[in-house]
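Here it is: the structure, laid out below.
By written order: A, B, C and D. Residues from 1 in each chain.
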């Protein structure tokens, strides 16, 4: 029998991508969907790509919870905590694509998001679910905090180096470039076609909310407090995040040692593709897939390690990773429903 | 046991798209691939999207034929005839994505392509395989001429109107707009990024080689000779063809009659999505899928019928239709391996 | 002394483009600008491209009128009539980039725009100002209706053929493709970057408001009532309109006759570039300039004439033509301030 | 009398952009152009944007030299030295857009370009001409090395901080993103439309030839040897370079001190626009203009200074700066012919 999946916030971009992935999942089916803005409307009315394939009508959130074994929430931050509580009461698995359960330290949440943790016990049950880094913690959990997009790409690029003690922990820089879907379906002048097309600019320089989440993950890997200078930019493409990460090499560390550490770390990871030496990660190559491509570079002249990762912000950076987490939570192989081949062009 | 599929010309765009589709096909597997330009090189060296997923090395064409039950040829015109003969000798199914077997009339081939039919018996065995229009002819055939891209989009847009006698056969116009992959992987100034980006222009105005193929199909449907004014344009996007087709309404024909004819004609076609009244076909909605979306419009003021179709030139316009034809040839349901959901953005 | 120019609606796209052109005009200067949405804000706050070059603050419309010799209005339809009256009272030249004064027949305005003519005398004074076609009418006029974008591109493509009686007047088709700036600065789902990027679709098929304006112009040229099937499409580029226009050749008319008619008609027109035989008009080549490139094609097989024009919708299709009209109204050479060379890429 | 300007290599992108700028220059005129690949062809045949505006035919290089007061060379490296010698003999001003005269240290040239200095005296006469930084050196010089694109954007972003001793000289990182025209007009798979569109990747990581040139400039400003980690990326847009530059703040240095240093440094520079606090530089805002927009950011949490510059790689990064240098060399105001307003969209 298939897993019954419900999607709360199904008409946002992450929700819509969940629809696409779950329609193709051989062991899950969409039980119900909800959307505050489009209640009573069909998903395919909002996304004509789905016409004839998912004409399901948006219901109320509580109806979705009731009909589902697993509930995906793709909501603005602050709206997931109550929903998580409902799911716990009814013993449903809850996978949150928002930020409410990602930060362990409530003070960080207060500082960066301006909210507070309503039910601290619930937060204790929650697990931060980046499978490649924290797989063992995730199994058996029912409140699952799905990482954000930058916060998936940057830690995957740096994890083996940081965990292996191969780079200095001071002075790490993450210069990231994201496709526009990262900004969501909501209209803004910033994402109006003529204003963005043929443009390119940084935004929220050193002040983006993903900063503490990236630092939390890297600190866990390092075993000590890591700070990061994080500068996101907006790319005139639909999908994809390229993260160019810089760290100073520890004295004596060689390019070969780094490569070998990455090979060991990611050897059994289906979704991480460590590129051969001489290649560069490119968002072109992972579109609509759950892969994270990583290329490694060393600037011998300045003693700098440069790790570049490419993910699809909507898949590995959101809906795909959420499905990967669903697979983990339900004891399925992690790759089920996620083996689509990225298009060559 | 899976169908063993071979791809000749696997490093061109249509060949590479076949790789993607066949990797995801549950009842076929890629037996071998060949490429003149990249013999000895891995497919994933040419298309890094496939890294780790298809690292198969390009062999010689004859080796591919030998190892395969079905041979797909994605070659420039003129190169398929000999290959088809080899396949017939070894009793392999041959599916030609090139133009060599598409035109029934050798004079048309001579006029538009400048070549001739080397083995006329072979041409007699060949079938023109646009399944939605000629399904019955295709079954059991072993030399299959897969239609071109424009020549799929335009006839699907017009078929019910032409076959149903609802429009005048004189004065039909097909104003088509294609994504750049239609021009192939070969370099040209025309498809150099800065020359094409933010540009848009027609090309081969009223002189494109797909003209006689479109006319052949429409003439079959009409039961009499149809001529078409065909003007292709180059769109600054990767994939997709939008065909805006114009025909004068026969006296007294209404929009309702037209819609009803289209509904009847395409009722059981999985891959044709007739859009509701008021919607417009958009290449955005069929990317990387085998769907053909069609919208219908009537200009009452001028008595003009306007049918608009959208296909992915690389899927329904090439590799996807070829896989659909393979399914037909091997007695599988036509949709096997082709049910991917087009992304919403 | 320089002409004092005022811009009402300066923060919309057409208004902003007027700012750019007037800043570079050697014989005019911007006296004042207004904007309902951004009153009290600097133009360069809205358009950072102008930072340091035009930091003028948006005032009230009446202040702009008072300070100006010529008033450009770039407003949604329906808002220009009152303003025109004010300008007439104060004897200012009024150039309307909106639709209020374009249609001679009030019934057409009622049907397509749903409004009415408040001051019929004012409308009698107004002139429809497409200089290449109606130059003589414009001189000395003070209420100037600047044509729309499609309504510039289509008539310029067809004028010599229609006026010269070389094509049939029945069955003319204009298949037009416009860049996104044509949809304006206002936000809509349609022009949200991820929804439009890599997409392409028709809109307002056979029902766009520019239809009666195109027909009015062609009817004047033909000397009899002309109807047109007009289908606009939205291109994923910022600027440019390509109009592919189809008309049946009158019996016996040759490609040479057509070319010769076009050469005669446009011989002295600086802004119309008739391309050599064999070339195709491309929006790539006229970006940010006031040029209209035209290419001519004949489909001998079907007896169809195909004229293709390319303009920048914001320049020749809006602000540039408005400046050209200002030059005409003030007795300057038409090309002053409009001789910028379109970039090669 | 106008300055007679010749362009050698006029059909490459930098050469073509020179054509555009010189056509609009009120005190210069194009005397002759040359191109090895297109000798005997008109510029407008290669770049149809210039049709009717510059139909000049490409001649031999020596003829261009003879007819000109100033010779611009836009050639691959290694080809300018002999030409410079010819110009010196005939007492023409020589402005080299290539790399042959940029590096003071011949060893750097050997290491990064693999060539050598044929005429050392000539190299001694040459001046590295980034006017905002080295204006005084340029006056009166006749062999002018025009800087490269990255090598303009990065130093302008960092100069006041480096010269003012406000940042550490170790650990400077320049993460740069360039539009595709930077790769030139020559065809490559990399810049084939479908391979690049919707993609984004770094290239020549920590090994790009502009590295020693950037370091040379920063070292002059600092008064001591500066090394830089330089990582360029390829953006899917035609024009523009955004350089995100990172440097550690010296202890105690504040955001206000930095801003004040930049204001002082660039107060009188027309082409540098220091953006107000809170704004971010964007390549969207400087297209086709000679401006360099700079925004300043401080990450207090990590003690990092982030300076972001945006230039048009073809204008301030090539042809525009070359015209600025011509103006300097001929005693004209630097801004003549370069005051075009960047389009708002």
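The rule is short, and it goes like this: contacts are C-beta pairs under 8 Å (C-beta built on N, C-alpha and C of every residue); 3 or more make two chains touch, one makes a residue touch a chain.
If you're wondering where the values come from, they're calculated on a predicted model, not measured in any experiment.
Undergrad: Shared touching chains for subunit A and subunit B?
TA: Expected: C, D.
Undergrad: If you tally the C-beta contacts, which comes out ahead, B-D or A-D?
TA: Between B-D and A-D, the larger count of C-beta pairs in contact belongs to A-D.
Undergrad: Report the inter-centroid distance (CA atoms only) between subunit C and subunit D in whole Å.
TA: For subunit C versus subunit D, the centre distance works out to 36 Å.
Undergrad: Would you kindly tell me how far, in whole Å, the mean C-alpha position of subunit D lies from that of subunit A?
TA: 39
Undergrad: CA centre of subunit B versus CA centre of subunit D: separation in Å?
TA: Spacing between the chain centres: roughly 46 Å.
Undergrad: Counting only residues that touch at least 2 other chains, which ones in subunit B make the list?
TA: Subunit B, residues with two or more chain partners: 13, 181, 194, 196, 198, 236-239, 282, 284-285, 287, 345.
Undergrad: In their shared complex, at which residues does subunit B touch subunit C?
TA: 171, 173, 175, 177, 194-196, 198-203, 205-206, 211, 227-229, 231, 233, 235-240, 242, 244, 246, 248, 280-285, 287, 295, 297-302, 304, 306, 308, 310, 345
Undergrad: What residues of subunit D sit close enough to touch subunit B in their complex?
TA: Subunit D residues touching subunit B: 13, 179-181, 185, 187-189, 191-194, 196-198, 236-238.
Undergrad: Considering only the defined contacts, which subunit C positions touch subunit D in the complex?
TA: That would be residues 13, 16-17, 19-20, 23-24, 47-54, 181, 198, 238-239, 273, 275, 279, 282, 284-288, 293, 314, 339-345 of subunit C.
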